[in-house]
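Input: a single structure, listed below in structure tokens.
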Amino acid sequence: MEAQFEAVIAADARVEPRDWMPDAYRATLVRQIAQHAHSEIIGMQPEGNWLTRAPSLRRKAILLAKAQDEAGHGLYLYAAAETLGVDRAELTEKLVDGRQKYSSIFNYPTLTFADVGVIGWLVDGAAICNQVPLCRCSYGPYARAMVRICKEESFHQRQGYELLMTMMAGTDAQRAMVQDAVDRWWWPSLMMFGPPDGASPNSERSMAWRIKRHSNDELRRRFVDMTVPQAEHLGVTLPDPDLAWNEERGGWDFGEPDWSELQQVIKGDGPCNAQRIERRRAAHEDGAWVREAASAYAAKKAAREGSSR
Amino acid sequence: MTDHRYPLRLGDDALIAAQRLSWWCTRAPQLEEDVALANVALDLLGQARALLAHAGDLEGAGRTEDDLAFLRGDREFGNAQLVELPEADFAHAVAKLLFFGTYQELLHTALASCADPVLAALGGKFAKESAYHVDHATQWTLRLGDGTSESRRRMQDAVDALWPYTHELFAEDPLWTAAAADGTGVDPAALLPDWTRYVTAVLARATLVRPEGDWRPGGGRRGLHTEAFGPLLAEMQALHRAHPGARW
Amino acid sequence: MTDHRYPLRLGDDALIAAQRLSWWCTRAPQLEEDVALANVALDLLGQARALLAHAGDLEGAGRTEDDLAFLRGDREFGNAQLVELPEADFAHAVAKLLFFGTYQELLHTALASCADPVLAALGGKFAKESAYHVDHATQWTLRLGDGTSESRRRMQDAVDALWPYTHELFAEDPLWTAAAADGTGVDPAALLPDWTRYVTAVLARATLVRPEGDWRPGGGRRGLHTEAFGPLLAEMQALHRAHPGARW
Amino acid sequence: MEAQFEAVIAADARVEPRDWMPDAYRATLVRQIAQHAHSEIIGMQPEGNWLTRAPSLRRKAILLAKAQDEAGHGLYLYAAAETLGVDRAELTEKLVDGRQKYSSIFNYPTLTFADVGVIGWLVDGAAICNQVPLCRCSYGPYARAMVRICKEESFHQRQGYELLMTMMAGTDAQRAMVQDAVDRWWWPSLMMFGPPDGASPNSERSMAWRIKRHSNDELRRRFVDMTVPQAEHLGVTLPDPDLAWNEERGGWDFGEPDWSELQQVIKGDGPCNAQRIERRRAAHEDGAWVREAASAYAAKKAAREGSSR
């Protein structure tokens, strides 16, 4: 069985739910897919903060649609995780009590409406860099979920960038808001690719299993190379004095993120960790009576239909 | 020609309903419901945008959907009070959607054959959306009403709290009368029998009691709102107003 | 001369604290407390007005207290995050008043002998008010901490939740350093030992545990606020902004 | 004893808590003072609605100070009621479960900031007309509470009128807000004096006992005569087509309020009845753990002090 699994991996084919797989492979996938699903759900909050205050009806509609997409992504991903023999309720418990993580980027607050645009541009942009390779991930259900998700993420990224273009063509106050948002989100976005390769212990195995296909630093460089010209086109300055074109490499050199900040946020001490988990916990607990009612009703209905046969 | 205040008022209903509903995003009892409620809110917001834009066109003073949404004061909004009421729990959201959605479905269906071609086209499109909203609210009314004892209590409380505010949807009003008379709109009083029949049947199936009592709060159509409305509007408009003339 | 941003920042602390506290009006656990909390909020609002007016004078650009309160954006407010945090229950209100009030009392006392004669006079006046706030918060901390098991649990939760935000009050900042250097203001770092001594003693008497942990959120002084701040400001400013240039 | 009571009333002197008094006199006073206290407390809500949104810091301070005064008035009045052998907690229960009333005027919503001014001018104005004669009420503690309250109410009335004057000197939108608020509050203010004399069954006895000194209609006329010139000075129109100077009487004739509306609001079907009671109930219930803690602490403290003697 193990040989067959190795052969599938080696052939760059897909492992499917019914196939045998090593326990560690399964555990790694559950952890990664759950974290990804949690990130979609928690990720609704920072932008959701502006839903009721969006400054135009069009932007309000875009925000709502995006939040809806994210909830949908969370659903696909939880479903993909469930093919590995866990269930959504259990994963939600683990999120709420801190045993599973979500992307640290969502522990930063959205302070102005420009943050909504910058999250689309930089955060969704970084997510896409991370996720496009996952469309070829060795685990079939995850790979297929990613295909659909990546398509929608690109759409969100374009919308975010378009908001920023509109604001940069607007008033001085709007331009200042955009620059301020870029200043705040740039470094956290770079940290979305995880610690530097030397400090990322699980990466190698994930790459061997073809869950992961590129190293953190490789993806980070790709993101910077993609983003710098977009920033120029937008007319904003990226807050990194070390940013410089490297003729030889044909890419951009950039400074070192403050990794101690990343560690701190992961540990739980980011600006919004407590608030994000609390909101999710409250929604889950306040909704318990509703879920119980739905189960009770379904049971009654089944019993009635059974007895009327 | 259609009085611009007619689509404006219908647009206000949809806009304020969408604003309240969007609060649920990230707070729904399950993820499927985050998706579903956002979907309903998006439909309502789309309806509001089309109706406000049409009102602006008819008015001919150059006001856009955003001017109408963000730059009118509390007393200039003509939505029914029902849609502005805070939703104390999920049962309130469900009851409101049942009552308001059923009203909207009947209204939009009737509107589809009115004399204003824009409104007729919108009515046809919106009627399909409303039908989905009603179906969704109906399913939840049944689950909550006929679910557990707690859900039944909460659902009955919500029905009791919101029922008085449904009367305003069908109350006599000069704008309705005029619109119905020249065929550019619908008199909602004509929708009441079908509304009552449908809603009563759903409540009965859900083992819920249809409220009695003769309290009929109203005034929303004349810009007389509840005290919950001012803070809702303050939040909705604050950023837009903080940057006069800016485009977003 | 005093940097106008110095009294502005102190004024923002007082203004936002007053805005949060005024929410309690009609919601306090007993009528005596409706009176007392309104009284504290009034003191804080009075402090904010005097400080913002002084900041406007020093700035010399003709901005009034209302211009500064109602026409600045989210990123231009320099209050500490502690004061903007929502107060989940009465224990949170008490803990916040204990922490912030003690800081204010020490600050105002020190300010009374600073080189800016306006600030010195205000400091003397405000120190008396703050002493009353601290006394009030201390009494309630004792009652809740050493009251029932529920009140103890709630009070400890509030202390745990707010404690990390107290660090920002004493954190190093260029504006504090400059103000202390030329004698026009106070470096709050100098107040920390007395603050810690007093607050620790009160917590101990109230049978409460002083929190550990090294999380030190901050940024308020640079206009980096919590997500709770935007909605607070939207509500506070909406009416003023809806009527540009109007007098009230 | 009854003769002595009658003599005190006849001499227009004061009945004090320790004096004998007829049960019906006591019951009437408890009902009236409690209703009055409840009105102060519930009356904080309509204006409290604008505390967080007041358009200037000065107006915010005025509103806060007024709300504080009202809480204080509630406290004096509950204390006056307690001299008659009831207690505040019991009265609060009766308010919350609907067995005791408060002034119906507070069941109308405050829709714009002009309402704050109009409440000061008309509602406090009507309250003063009602209350000034109560300063000579036969029951001493009530009469003395009223002296202090009336002084503060006059202050509130002047502040309300001053706000309206400022707004009338402002923008067109502000003037329209004032007129709109006057249109909405005028008739409810007239109804604050209660039903017409013919329909006010308890009035006669209260007048005999010198709790009340003027009939409802008398006070209503006094209020209208006082208010019409103020409205003219302000530049607003009172919404009554029947308002006309009566040369002969030397006063203003005015139209008939819609008494069915008053009955409906008293019955519980005013725009804000449910909301007002719910807020009061929630504050009372949410505060229960605080009051319990205060009692428990006081008991512990007393025990400690007792044992350390």
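Each chain gets a letter, A, B, C and D, in the order it is written, and its residues are counted from 1.
Convention: a contact is a pair of C-beta atoms (placed from the backbone, for glycine too) under 8 Å apart; a residue touches a chain by one contact, two chains touch by 3 or more.
Chains and their UniProt names: A, D = 1,2-phenylacetyl-CoA epoxidase subunit A; B, C = Phenylacetate-CoA oxygenase subunit PaaC.
Keep in mind it's a predicted model, so treat the numbers as computed, not measured.
Chemist: Along touching chains only, what is the step distance from subunit A to subunit D?
Modeler: Minimal hop count between subunit A and subunit D: 2.
Chemist: Counting C-beta pairs in contact, does B-D beat A-B or the other way around?
Modeler: Between A-B and B-D, contacts are more numerous in A-B.
Chemist: Could you work out which chain's C-alpha centre is the most distant one from the centre of subunit C?
Modeler: Taking each chain's C-alpha mean as its centre, the farthest from subunit C is B.
Chemist: If you average the Cα atoms of subunit C and of subunit D to get two centres, how far apart are those centres in Å?
Modeler: Whole-Å distance between the two chain centres: 34.
Chemist: From the C-alpha centre of subunit B to that of subunit C, how far is it in Å?
Modeler: Chain centres of subunit B and subunit C, defined by C-alpha means, are spaced 41 Å apart.
Chemist: Multi-chain contacts in subunit A: which residues touch at least two other chains?
Modeler: Residues 53, 173.
Chemist: Hunt down the residues of subunit B that sit against at least two other chains at once, touch-wise.
Modeler: 73, 231, 234-235, 238-239
Chemist: Just say which it is for the chain contacts: an open line, a closed ring, a star, complete, or other.
Modeler: Looks like something else, not a line, ring, star or complete graph.
Chemist: Provide the full list of chain pairs in touch.
Modeler: A-B, A-C, B-C, B-D, C-D
Chemist: Using the touch definition from the top, list the residues of subunit C that touch subunit D in their complex.
Modeler: 15, 19, 22-23, 25-35, 38-39, 41-42, 45-46, 48-49, 52, 65-66, 69-70, 89-90, 142-144, 146-148, 150-151, 154, 235-236, 238-240, 243, 245-248
Chemist: Which stretch or stretches of subunit D touch subunit B in the complex?
Modeler: Contact set of subunit D toward subunit B: 46, 49, 53, 109-112, 173, 177, 180, 184, 268-269, 271-272, 274-275.
Chemist: Under the stated contact criterion, what part of subunit C meets subunit A in this complex?
Modeler: For this pair, the touching residues of subunit C are 73-75, 161, 214-215, 217, 219, 224-227, 230-231, 234.
Chemist: Please name which positions on subunit C make contact with subunit B in the complex.
Modeler: 73, 231, 233-235, 237-239, 241-242, 244
Chemist: In the complex formed with subunit B, which residues of subunit A make contact?
Modeler: Per the stated touch rule, the residues are 41, 44-45, 48, 51-61, 64-65, 67-68, 71-72, 74-75, 78, 113, 163, 166-167, 169-171, 173-174, 279-280, 282-283, 286-294, 296-298, 300.
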